[in-house]
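Chains: A, B, C and D, in written order; residue numbering restarts at 1 for each.
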Amino acid sequence: MEDVQNRLDQRGIEIQRVGVKGVHLPFLIATRDGGYQQILGKITAAVNLPEQYKGTHLSRFMEVLVAWGDKPISGRELKLMLAELKTKLKASAAELSLDFRYFMPVTAPVSGLSSPLDFSCQFWGRLTDSGYDFRLTVHVPVVSLCPCSKAISRYGAHNQRAVIRASVRCRPGTYLWIEDLILLLREQGSSCVYPVLKREDEKYVTEEAYDHPKFVEDILRDSVLALRREPKVSWFRLEVESFESIHNHSAFAYHEEETASL
Amino acid sequence: MEDVQNRLDQRGIEIQRVGVKGVHLPFLIATRDGGYQQILGKITAAVNLPEQYKGTHLSRFMEVLVAWGDKPISGRELKLMLAELKTKLKASAAELSLDFRYFMPVTAPVSGLSSPLDFSCQFWGRLTDSGYDFRLTVHVPVVSLCPCSKAISRYGAHNQRAVIRASVRCRPGTYLWIEDLILLLREQGSSCVYPVLKREDEKYVTEEAYDHPKFVEDILRDSVLALRREPKVSWFRLEVESFESIHNHSAFAYHEEETASL
Amino acid sequence: MEDVQNRLDQRGIEIQRVGVKGVHLPFLIATRDGGYQQILGKITAAVNLPEQYKGTHLSRFMEVLVAWGDKPISGRELKLMLAELKTKLKASAAELSLDFRYFMPVTAPVSGLSSPLDFSCQFWGRLTDSGYDFRLTVHVPVVSLCPCSKAISRYGAHNQRAVIRASVRCRPGTYLWIEDLILLLREQGSSCVYPVLKREDEKYVTEEAYDHPKFVEDILRDSVLALRREPKVSWFRLEVESFESIHNHSAFAYHEEETASL
Amino acid sequence: MEDVQNRLDQRGIEIQRVGVKGVHLPFLIATRDGGYQQILGKITAAVNLPEQYKGTHLSRFMEVLVAWGDKPISGRELKLMLAELKTKLKASAAELSLDFRYFMPVTAPVSGLSSPLDFSCQFWGRLTDSGYDFRLTVHVPVVSLCPCSKAISRYGAHNQRAVIRASVRCRPGTYLWIEDLILLLREQGSSCVYPVLKREDEKYVTEEAYDHPKFVEDILRDSVLALRREPKVSWFRLEVESFESIHNHSAFAYHEEETASL
């Protein structure tokens, strides 16, 4: 049976990325405490395609991805997956993003009740002959309470759910766990959010938010400071989006930087 | 060329709905003041298919839909579209839903600045040999401020954007305009939302919300009362969803009823 | 601390459903072979609220849901969850929907390679003092190949991915597993879909689809016949949507029926 | 009333982008023939915020955006909008993206019937003290028919809808209209897609696709060649995604390049 993908291509164009997209598969994510958490992954995976080949072999992507379903994955294992894709597809570059919802227990501030909160996350990696690039992304929901609204009103202040979306790269030889990044950012809003809050907790959270009014600009700047203080982080990108309660649209702030070596 | 759709089918199954889905087309929506507003429509349209036919003729749906792009549509014109679908497809029932975002100017409470606010809407109609059924749906964004949070906290109260999703049917011979339904519901939250608010407006909205704390249950009940008071409405379905600022999930309430004739 | 939710309400409106929406939590789904599969759930849960109470206690919903995270769930356990919600919320009706992506291994037709295919599913249940109602929904991706296109063209035929969305209720004392329902419907398209296909499989699937041209109407009718033949099913609702390759919109067909007792 | 946004900030962080997101408003898009088309816009707009200011004034964004609702917009007018945002917000950089669905009539290949096809588009612009950067993005739906499937099968070939997503920058002093970019790319699939096709058209499209089998790699490379041939284009980014009919996931290819001056 002819291998049509292997036909010689005459157009002289090396394609930067060819692969699969919208693949849903279960994976295990390595946790900071040495265990793992099973997640539902949504994957994009690609390799480069030299100019002489007409096509790539997409079934090999799926074979590699499926085989990785039962091994806990961190940034290190992602590199091995990419190496495998490079080899199996005879490519000089491989790239993969894995989106998933990750759960971490959070503790209600007064009652002490613990419940699992969900965080949208992404592992992104790229492996070429010249090196490996890895980025971790987490989305951390928080409360934002408007300082302007508080300052000008006789009582009350509009507040709403906001989300801190952070992507980070780490310095060589270091690794920031999802849990670490969440803990760094979770405190940067006007208050934290929780799945379960009893009445005494709700009182606490309400007053906490009122005591810490923050614009999206404030949440962003405080997050910038927190990430600059973390010695493992060499680069970050931050977006804070606040789903304004008094509008039908969002406010947002964005910042990206290479952090100076300490 | 053979008409494969017209082949005789032996399975003995009359299909209740066959048609097109996910069709995007521009339409004109008739406005209360006698004019129209151009909108981007997303359409599902279907007819029934008698058991003897293998298939329906989907291109005729598109021809009917495209031809209606330049005539202002209200519940009455939707009936004409359905009649045309019934005729062109030789069917005894036709059904259509048209989803769109509709704009209505709203006035900031203190500065008096006017700006267009967007409302997700739907026209839904079904025409059979025994009659015509029409439903209007609007989604009205509001602020909800938690009465419990206000009552138990020394200061502040968590609040957030909420949405009132209302579907209504009208009594024979009456018609409720989109604008009417929006105005009925817009006041049922703790406060209204606006695209443009200057500082004096923000103060007003903040205090207004704090002065009118409402659970989703309260917003729902007040909306029920408002719809019961509207003599044109013979049936309604209401859902209020509040995007809780202190959680990563929503609270909601739902109610549906035939309203008694007055 | 005041229980604001328990305040007396004067509006005289019993609310049909109050609860939480958009809750993400991991759950275990009981599998046909006696084991379980961990999934990522998206939940809506509600109870009715008698007219004398101002509000419901949303934190109890979350406590019940979180506690069910480690017990395998089928239609039977869903009933227990609903009974718990009814008790904890002092309600006479409770309702819950759980949406999730479920994986089932499928075998490539020639190479015999096995790989996990994802199916969007839903458990829906409602428990009142007069009984329990349970519905299972699965979305089964298939290939649809157009009979008209095949008949009128000298060669080729347009084809595309389609999805069969089926909801079923079972007769008292019987239970249809997700796996059963998937297997019933998976064969009703022009061909099955697979995560991994080697070249010999792709040849098979291509010819299989060309040998079995089916309109959405055909896939729907064949699915109706399959569900009528399944003695456990007492009611079903079917929608087939075909993401037409030659258009920028879909074709669809829909049918719902109570099946006669055998 | 205090201007809280104007408070002095001590954190020493200039924020790269602060603004509004998820704003829905109607706009007019300038057409190639000198007229305009009304569209439903989804906007993100931002400016930079110097380190000394605590916050930006979000209501001014909305005032600028609303005021632009009745003037036909092309890349040139987007620059004026950005200049206005810069001035009103006292910023040194402003950025805006406007997403919309645009309609262009297409003609069925045999019957000659004309009908409006929808294309997702984006205008993106950034204006700083050192210059103006503008990108146009269009999503063009096409048919892709698999060359491998055709070559190895006795008859038929799997095919499906695919989308070419192209972003382009133009050389100084030139402007590529949406219509131009669509026409350049529309021919790069195995066949075009159409809203309305009569039987004779469907035969044509089916055979056309079978006569022009193309992998996503082929569609991408042919699109690369087409964009390189267009002298106005100085940079482009291309992604082709094919919603594989035989899988439950997509194949895709991606390429980005600065094109050499001619």
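In this section, a residue touches a chain if its C-beta (ideal position, glycine included) is under 8 Å from a C-beta of that chain, and two chains touch if they have at least 3 such contacts.
Everything numeric here is computed off the predicted structure, so don't read it as measured data.
Listed by label, the chains that touch subunit C and also subunit D are A, B. The chain pair with the larger count of C-beta pairs in contact, out of A-D and B-D, is A-D.
For subunit B, the chain whose average C-alpha position is most distant is A. In this structure subunit A contacts its sequence twin subunit C using mostly the same residue numbers, the overlap exceeding half.
Separating the CA-averaged centres of subunit A and subunit B is a span of 35 Å. Mean C-alpha positions place subunit B and subunit D at a centre distance of 29 Å.
Per-chain Cα centroids separate subunit A from subunit D by 26 Å. In subunit A, the positions touching at least two other chains are 1, 23-24, 118, 148, 152, 195, 197, 199, 203, 248-249. Interface residues of subunit A, counted against subunit C in their complex, comprise 1, 3, 23-26, 38-40, 59, 62-63, 66, 69, 101, 103, 113, 115-116, 118, 195-200, 203. Residues 1-2, 4-5, 9, 11, 13, 15-24, 44, 46, 49, 54-56, 58, 147-148, 151-152, 215-218, 220-222, 224-225, 241, 248-256 of subunit A are the ones touching subunit D in the complex. Against subunit D, the residues of subunit C that register as touching in their complex are 117-118, 141, 143, 145-146, 148-149, 152-161, 191, 193-195, 197, 199, 202-203, 205-207, 209-210, 243-249.
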